[in-house]
């Protein structure tokens, strides 16, 4: 039993060993070949699982959105409508892919593929459990930033090749937003990298004996905002703002191509939540996760769905922002804030190491307390100042608005009296 | 030169690179050229991975694919004249071709004559990225070039904004 | 394992294509793309030499990174120039921009 | 003020006057006159004082008044340096007696003479303006020769005239007190200059209708050149003397016995064998001949006499001073001063060649000039030729050894000849006044009316009595009217010595004396006797005291001067006049005084006969039956061709013209043509042409090679650059292609160098 429990504790390695033994002993492949095949199978499994989770997520989001909007949400197809997404997908799969006239065929076809690719590739680096991770690249953080930037290319291609002005316009907007939010996204990403001292995702998770959210809440907030913008969902869903430019760059897409774009988008939303959990919520860390790796994935998925819930929540309640507001918010507020935060916190951390006794950079929960406190203080200060500054801006803006309104009203009355 | 996954990957990547390059150079439609460029860059990133320089691969993708390719594509879109695709090669293309071929011959000759059959002797030390990070900050290392590069980027950014400002 | 000269051949090929692209293409942006190709060829070379000749020293990689920086700066400024030329001269063809001649 | 310093002061006043007038008072005629006359009076007074002092000193010969200063240090010691000093010995005293006297009289006379008078001058276009200064404006007349003539005021340059005359007087006095040949030569040359300046004084005078008559300008040049010929030979003599004796001082050379002995050596020992003529000549003889040639030039003796008659072109006081009293006498003074040198080798009998030459030339000149004089129309020309003949007398006297007689005649001649010249001057003035008066009263005179022509005069006895009488005294003295005139005594002395030593000379001189008497009476007859032949003569008047006073004074001296030298043995008068004091005084100049010739009646009688005969014949021909208006000269009928010969002065002028002037002009022209133009110019032209040729070759080379080369290079570069400039096509890809090509080549080289090598 013990070994059964042990094998269950670390189910992933046991499966791995089983398979290798299978190939090597049974099929007589060379160990390298065997490991190659196992890696290949693992990758395939991961990709399909990402897309499958998607099905649940869509349903979950529509239900939550409905509940927030005080309606029931899909409940016809299957119990509580859980098969609604399957029905949608089936519909999309069967739809005919219409290629617009004058469209640039090759880029038209490639665009959806690249968008899905950019999302799925990110999962290669996400650590589900202490022993379960795609490839623990030592540049993990940088990898998924690079890959996510591929998304920009796909949008551009889609917008351009569909030979539609609205598509092109939407593409330009999307590219502008994504590129501009990439900067704060990376800067915020730097915080956990610096705190954990390494870009390897596994190390970052292991370093989070105290979740970085607690240590650097402002950084987490900036990362959260930037990631939502990266996805292009609700507060920033200017890309396919239905009311303005029909539905952005994938307007000309239909059928399976549209399904791929749609899937990529939703998957990206979920992926970002996963990143959030890995970077700021301590990934698979939980009581007993270290010992029993299989528990890791449970904690991980729990936290991810928690973050996802928040995302859907904000998506439901926040109105769409204007494109120039979005850009100016990024360049004029987020980027400077993150820079300042980053510099001050690193400075404080360095000073702390030098002057505060017993200031540990890594270690158990207790060891990290002084550092957490210090950084927490810095964050609160910077965050507070930023908040005050924004409030001031807001007040001034409101006063200007009212003045403009009063003037307008006076003129209006004058005009009426004049008539 | 046994067939190993690595050589296969190398073949794929080199095909991507050379094919992409050829595409960039010869494609009539400029957008296609830009796409081929992206393809080439991706191939190069792959080569970097093969050369066990993952950081560079990531930076390559991030910087080139993410930014420069996008920038180029956008510029092409902005500057396209609606009167269609003009003939993409100028009068002196035979000369250019000749020069390219000559250069290839010379480089090829040098490479083959000097570097044939050289195989990596040492393994890549695992902490190269950390050491690289330290080197950027240490005086013995590359602090000065690093700062100069940052100033350069700043200047380029400001320059680009000023020049392209409407 | 892959011998060094293969990498170098690939980079040489890319470099020569870059040269042809620069010298032969009419569109200014195509020229810039040619330049990008050449820079990438250089990068391949650098990294190849770093990997095959002296992996323990950081020079190759660092230098490649600086090539990235420069390439990025150059692309930015070049494209900005091309856009302003387009805005003023309504043309992007390199040959048309030939006022600075005798 | 010892005598020595006073001697120095004698020549000073005139020289000072010259500079004062020239520099300061040139503008004002009156002041100039005063300055010059005052200066000459001062000189006269000083010379009288010196004369008295000299006469008073015992044995003036041995210890004359001598002062010396170093003039030109030639060597270390004083002896070898050229000295300059003053010497007054008996001969000098004689000069100091009559030179200042005549000079003063002439100065006074010239202030009067130059006060009026006009002459014709040619108008050269704008020259006309020059006349505006003169008070009255003369109309322009055109003469036969087509020249535009106008009257020119002769008195315009009077101040300048007085200055020149003062300079001349100063020069004469320097000569007369000179103690060495050199200083004498200095005076000699200055006088030569002054003669040129004064003869050619009226340099713009032209004779209407006679284009080729010698004008004053030409006469001045002629005088200067001919005297210059003589001076050259004189200088040769001086140089020779200096080279032999080492000194030019009179006392050192002439009065030291051994010096004279040294000079006795034959001059041309080697040349002598081949040329018998030169054999007999001693050094002293040849030097004295050379010096004699100088005298011939200066005193107008035979060969070089032509300048004197033409010198009459100058104003009459000039003629009086220069050609009567002083300058011409300078020549004779030189001979007398050089007498010891001349008479080297003469011991009483047999003359040395030098003396023969001198005597011969002198005698011949006397006769020759006299013959010309009788046929002259111009009153001054007659006197000119008479001067020449009288000088001939003196030269002949020195030639035969009678230097005292020569000195005596020199003194008397100076006085009465100056008198005669001044008389003729006043005659001319009178005739000119007459012409003007007649002209005013309507008588028309041809433009070439010659106031000096005796045939236009006649009957002036009553018109100008003072001039007439003084002229008569002068004439009698000239022709040697016995007993009362000075001329008689001095000429007689010469004739006596000639009779004693050289009878041939005596007869020649006697003939000359006869002719002298004849032309003197002819002159008096033509000018004064009979009725006035022209209206000018009728109206002739001249009552200027400044002209008449000198005439009277000199007339008196003309008579008194003779009594000084009456031979002591002369019955009755000899004793009366102190026994020939002149002879004893002057003979002291030489160390051993020559013995006095015994008194001999025959020469005296002969000279009286000759003189009175000449006068009588002259009176018969011209005075008893005075000439009628327009009547030709009776002598012409008598002499016929001889007359024309004499009138034209034996055609010597033409002879010299042909013999010397034209050849020398020809020679000058040849030299000019051949040497100057031909060779020198030729050479210069050649050089010029060759350099020009070379310059052109340079130009060709320059333009051809350099310019064209450089230009073509420049063009080549220009074209090349033109074609090459298209390389900058503006197409950036082309540049890149070139760069790439360059890099490739470089790479190829490197590979070849590094790898394949």
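Before moving on, here are some points about what is shown:
Lettered A, B, C and D in written order, each chain numbered from 1.
As a convention for this text, a contact is a pair of C-beta atoms (placed from the backbone, for glycine too) under 8 Å apart; a residue touches a chain by one contact, two chains touch by 3 or more.
Just so it is clear, the model here is predicted, and its values are computed rather than measured.
Path length between subunit A and subunit B in the chain contact graph, taken as the least number of steps between touching chains: 1.
Chain C has the Cα centre that lies closest to the mean of all protein Cα atoms in view.
In this assembly, the C-alpha centroid of subunit B lies 124 Å from the C-alpha centroid of subunit D.
Taking each chain's centre as the average of its CA atoms, subunit A and subunit D sit 145 Å apart. Averaging Cα coordinates per chain places subunit B and subunit C 7 Å apart. If you average the CA atoms of subunit A and of subunit C, the two centres end up 33 Å from each other. Among the residues of subunit B, those touching two or more other chains are numbered 55, 59, 67, 90, 92, 95-96, 99, 103, 107.
Residue numbers of subunit C whose C-beta contacts span two or more other chains: 19, 22-25, 94-95. With chains as nodes and touching pairs as edges, the resulting graph is of another kind, matching none of line, ring, star or complete. Pairwise, the chains that touch each other are A-B, B-C, B-D, C-D. Interface of subunit B with subunit C (complex): residues 1, 4, 6-7, 10, 14, 17-18, 21-22, 24-25, 30, 33-34, 37, 40-41, 44, 47-48, 50-53, 55-56, 59-60, 63-64, 67-68, 71-72, 75-76, 78-79, 81, 86-90, 92-93, 95-97, 99-101, 103-104, 107-108, 111-112, 115-125, 128, 131-132, 135-136, 141-142, 145, 149, 152-153, 155-157, 159-161, 163-164, 166. Residue ranges of subunit C in contact with subunit D, taken from their complex: 19, 22-25, 31, 94-95, 97-102.
Against subunit A, in their complex, subunit B makes its touches with residues 5, 29, 31-32, 35, 38, 54-55, 57-59, 61-62, 65-67, 69-70, 73-74, 77, 126, 129. Residues of subunit D that touch subunit B in their complex: 731, 733-734, 737, 740-741, 743-744, 747-748, 751, 755.
Only residues 90, 92, 95-96, 99, 102-103, 106-107, 109-110, 113-114 of subunit B touch subunit D when the two sit together in their complex.
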